[in-house]
Amino acid sequence: MSGKRDFAIHRRTVLGAAAAAAAAGVAPPWLARPASAAAGTLRAGITGYNVINTLDPGKHSLIPESYLIWAMFNSLLKFNARMEVVPDLAESFAAKDSTTLSFKLRKGVKFHDGSEMTADDVKFTIERLLDPALASSNKGKVSEVKEVRVVDPHTVEIVTKQAFAPLMAFLTNARTGTQIVPRKVVQAVGNDAFGKQPVGTGAYKLKAWKPGESVTLAAHEGYFVAGQPSMATIEVPLIAEESSGVTALKGGQIDLTSTAPFADIPTLEQDKTLKVLKQPGMNCRFIAVNHRKPPFDDVHFRRAVSMAFDRNAMVKVVLFGEGVPAHGLIPPSLAYAYEGKARATSVFNAERAKAELAKSKYAKEKINVPILTWGSSWWKRIIEVFALQVNQTLGTNFTVEVNEANTVYARQKSGDFQGSVWGWLGLVDPDEYVGEVLSTKGWRNFYGYSNPKVDALAEQGRAELDMAKRGALYKQAEDIAIEEAAVLPCFTSNIHNLMTIKVQGFTQLPYSNFGDQFASIKMG
Amino acid sequence: MPRAALYIAGRLAGALATIAVGALVVFFVMRAASGDPALAVLGENATPEAVAAFRAKHHLDAPLVAQFLIWLAGMLRGDFGLSLTIAGGIPIAQLMAARLPITAFVGLYAVVIAVLISLIMGTIAALRRGRAVDTVATSVAVLGISMPDFWLSYVLVFALALGWKLFPAYGFTSPVDSLAGALYSGFLPALAIAAPMAAVFARMLRTSLLETASREYVVVARSLGFSKPFIFRQYVFRNALIPYVTVIGLQIRYLLGGVVVIERIFGIQGLGSLAVDAAFARDYPTVQACTVVFLGIVLLVNVVVDLVCVALDPRRTL
Amino acid sequence: MRPDAASALGGRRGARLLRSFLGNATAVIGASITLLVLLAASFGAVLMPYGPNEADFLNILSPPSLAHPFGTDSFGRDVLTRVLYGARVSLVVSAAGVALAACVGTSVGMVSAYKGGYADLVLMRFADLLFAFPAFVLALFLMVVLGFGTVNVSVAIALTYFPIFARLSRNMTLLLREEPYVQAARLMAQPTPRILVREILPNIAAPLIVQATIGVAFGIIIEAGLSFLGVGVQPPTPSLGVIMADGREYFQRGPWVLTLTGLAISIALLGLNLFGDGLRDLMDPRLRQRAGQ
């Protein structure tokens, strides 16, 4: 993204043409609050999850929490349908110099309690994330911020310690925690209480919350986009089982789901009463290997294993075709940094795999390697298919070891593993893949992989504001890391939303968005 | 009746002791399990400081014995504490208050269905002993306990909800919100839960009717020339109900915990699911609270069942 | 009672039992189904042309056909083959659990009743505590603590059944303790273990065996439930629960996996339960008496 580009136009991707026309351009505040026509109830099930601990953007960490926070809050920026960063609460933004981003805020944006959102709330939001007292899981998103300056009530400048390109992505209404919260309310009620009775600028406000069961949202009449929202109430049941979500949708108990089981997609797509939205998601599923322990301490062995399984077969069997094979960590939806072509060591090649094995320290023995996984779902299937294929190709004895996801994560962090399935979801900046997973000091690099060249490229990438140049740096870094089989990328899976044909105005984004579309949703 | 009061007091004291020991055992056993509630709440991005702050806030860094005493002190004040990981910061008492009516309703619904089915089946089978009706009823009863209940749930959903669209396939309306809605949306799960229970009840009723019918006092009554229906009602049925009621009482354990899978399938937010979710998310105080409530309910039901049996049995007093 | 006398008496009793067993339709049908299931579980899988983990990625979730009577699952594996293997796994897991519960529970119950005193009080309170806890939740808690896996499923089943065996054997031992032949043995200063094993155990074995038969059936359901939730037996080992869990996940697309596996379980357990019922009828003297009416 060129530093000086100025986004004066706010363009929402609304499907309803009339609403889109009304919302195009910067709507004056009085027009933004029409006599509300919000009516009716949408039942939007969160499927696959049933735990929500907090609805405070700063404190939250779980996916279903994000789903709802997106409906009740806005950030300064947001992603459009092409995954470009565009203004949201900001009217426009520009890079003043390499370390300062300046934001002009929209005027007349109201929080749910009727008070106006100002630059001071932006300052408060970011400083709160940095405050050790909050102990936020999202602190890392703003840890490069040095200062937040309020220039006037509708202008704010964010200064970083050094040039930090990922910041723009981190200020969007995604899984960032940088959604703007009202200083007055948070300070009045305290952090804990705010998580239970959140107040944001979003199209919907919290009406009721039954823990483990459902959340009910009500239209925010003072929402700053004209003509939105159109539903009076949104009921969000929390459905732990994905397959039950499908049952509920087909049985008419809900109108929309946040996910769908891969295997059911072909049949669901045949169903004329339903719509299926899908695209490769912002995720990477890979086999993490421990470089500090045998046998994955040997680059030849790693390469051999990487070439010993067929990622296409994996997509077919694990995902029932709902995904694309991966040859790096960065997913296709980050188009500017995505290497579409297969890399030599990330494609199935039995001959070369055996040749690499012969070169390794572990050529002579039949090696037992437990690979960690969890769940009853497709996470387990990845390893089942992986172990089966690798054993077939190399004559090794890879086995499946199932634990709870928490335990698997803890064991990765402490280095108590040889191989494990893993994946990150909804990371919106390439730095989070290359800089955090593959570079020596990356906090997501639990594997002991270290290559100074990769480190240097990641460093450059963080400082480069030009998107095309940035992308090239990351591709180069991935070339090196994958050639050494730092991790064994498997695939990027599709994300899905199911809905009845009546549901209009839901635009799916690759990071598996959900609640952020409630504003534009209508029932036809 | 001071004797009855004394009896009940003794039973309750025993129950309290059992609950206390149960809570103690569950406390230390759960802590022995690996896993960290902080990770469950804070997610993978959590910084070490955030994890430390969480642990300090919830006393997870204190010695185990101290943690148990803190919990116990809360319990003695009637305070279940706050949920850690599955509804972070929400009073567990509030979770319980929402879940208890649901579990009670579904359980009662299932018991009523099971009792209705079993009374008819068991009585007919006993009266027509050895005939075809008996064989069919007995076989169906055995089949009832042979089918995994969660499998039956899927078959019911497949046929009655998705096929004929007679009932909702998913979702349960709390009886607190709408009784009619709860009766309607709870029918399929209640039926699935009732099936194995009805089988057990019917078998028990049949056996116990047959056994009572051969008792001496019934033979005497018969020889005195009382009418058959009178004997059946007054002597046979009444006495046969004693083991029947006992068996119904025993099902409370199944209703609290055995139906977790069915709760999952139908999206019922029962106590069993709460306990299991809490255990998996290492929500220690919620697990503790569930333990106490489970043991409390089971032991209470045991006492009630005993009292009912005494009331039914003319020969017994407390 | 001397051993030879006991065995002679046992022999006569055995013959009589066998006769009345053959006269009991329920028991015979149950035994036949159980035998068939045992045969199928033991040898059926060998006769199948497929291996239980033989994946065929080109034939994922294909409906029942001549080649695959139960269809194929989400890895393209033959479901019937897996059910046959899985039945063996489930049976072994459940039987091991129940056997463990029976051994430990019976010993504890007998010793507890025979010795009395504080040991009795403590052991029985412990059994009561276990018994008061909802069985499936107890099993799930144990899986959380012990970790997932086949052996732990057996342990969970054992802990669930332990109180039942302990109580049953205790109550019956209490009754038998005052019987003349037990008193006689005691007066002859026979060591306690000998009295328990020689005099008491044979006389309380019958109801325990009945309980064990039915226990194995319920154990299979517990295994299925645990594996169904993904915390029990772990893939690729097929158990009936694992197969059903897989079938549930792909229920919309391949309903036959769950439906047919469940049906197979129901039939197998029907056999076991009928067998157990028949045995109970035979061993309950009052019922036997009436059966002869």
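We just call them A, B and C in the order they show up, numbering each chain from 1.
Please note the rule applied: a contact is a pair of C-beta atoms (placed from the backbone, for glycine too) under 8 Å apart; a residue touches a chain by one contact, two chains touch by 3 or more.
Small disclaimer: the values here were computed from a predicted structure and weren't measured.
Enquirer: B-C versus A-C: which interface comes out with more C-beta contact pairs?
Expert: Spelling it out, more C-beta pairs touch across B-C than across the other pair.
Enquirer: Which chain has its C-alpha centre closest to the mean of all protein C-alpha atoms shown?
Expert: Of all chains shown, the one whose C-alpha centroid lies nearest the global centroid is B.
Enquirer: Quick one: subunit A and subunit B, Cα centre-to-centre, how many Å?
Expert: 41
Enquirer: Would you kindly tell me how far, in whole Å, the mean C-alpha position of subunit C lies from that of subunit B?
Expert: So the centroids are 23 Å from each other.
Enquirer: Just the number, please: Cα centre separation of subunit A and subunit C in whole Å.
Expert: 48
Enquirer: List, in ascending order, every residue of subunit A touching at least 2 other chains.
Expert: none
Enquirer: Mark out which residues of subunit C touch at least two other chains, giving numbers and ranges.
Expert: In subunit C, the residues touching two or more other chains are 229, 248, 251.
Enquirer: At least two other chains touched by the same residue of subunit B: list those residues.
Expert: Correct list: 35, 264, 280.
Enquirer: Subunit A touches which residues of subunit B in the complex?
Expert: 34-36, 39-47, 49-50, 53-54, 83, 85-90, 94-95, 98, 157, 161-162, 165, 168-171, 264-267, 269, 273-274, 277, 280-282
Enquirer: What residues of subunit A sit close enough to touch subunit B in their complex?
Expert: Within the complex, subunit A touches subunit B at residues 50-54, 61-62, 132, 135-140, 192, 195-196, 210-213, 237, 239-241, 244-245, 247-248, 250-254, 404, 406-407, 409-410, 424.
Enquirer: Quick check: in the complex, which residue numbers of subunit C touch subunit A?
Expert: 53, 55, 57, 60-61, 74-76, 147-149, 229-230, 234-236, 245, 248-254
Enquirer: Quick one: which bits of subunit B touch subunit C in the complex? Just the residue numbers, please.
Expert: 17-18, 21-22, 25-26, 29-30, 32-33, 35, 138, 142-143, 145-152, 154-155, 158, 203, 207, 210-211, 214, 253-254, 256-258, 260-261, 264, 272, 275-276, 279-280, 287, 290-291, 294-295, 298-299, 302
Enquirer: Tell me, which parts of subunit A touch subunit C in their complex?
Expert: Of all residues in subunit A, those touching subunit C are 243, 246, 261, 263-264, 266-268, 313, 316-317, 320, 375-377, 380-381, 384-385, 388, 400, 402-403.
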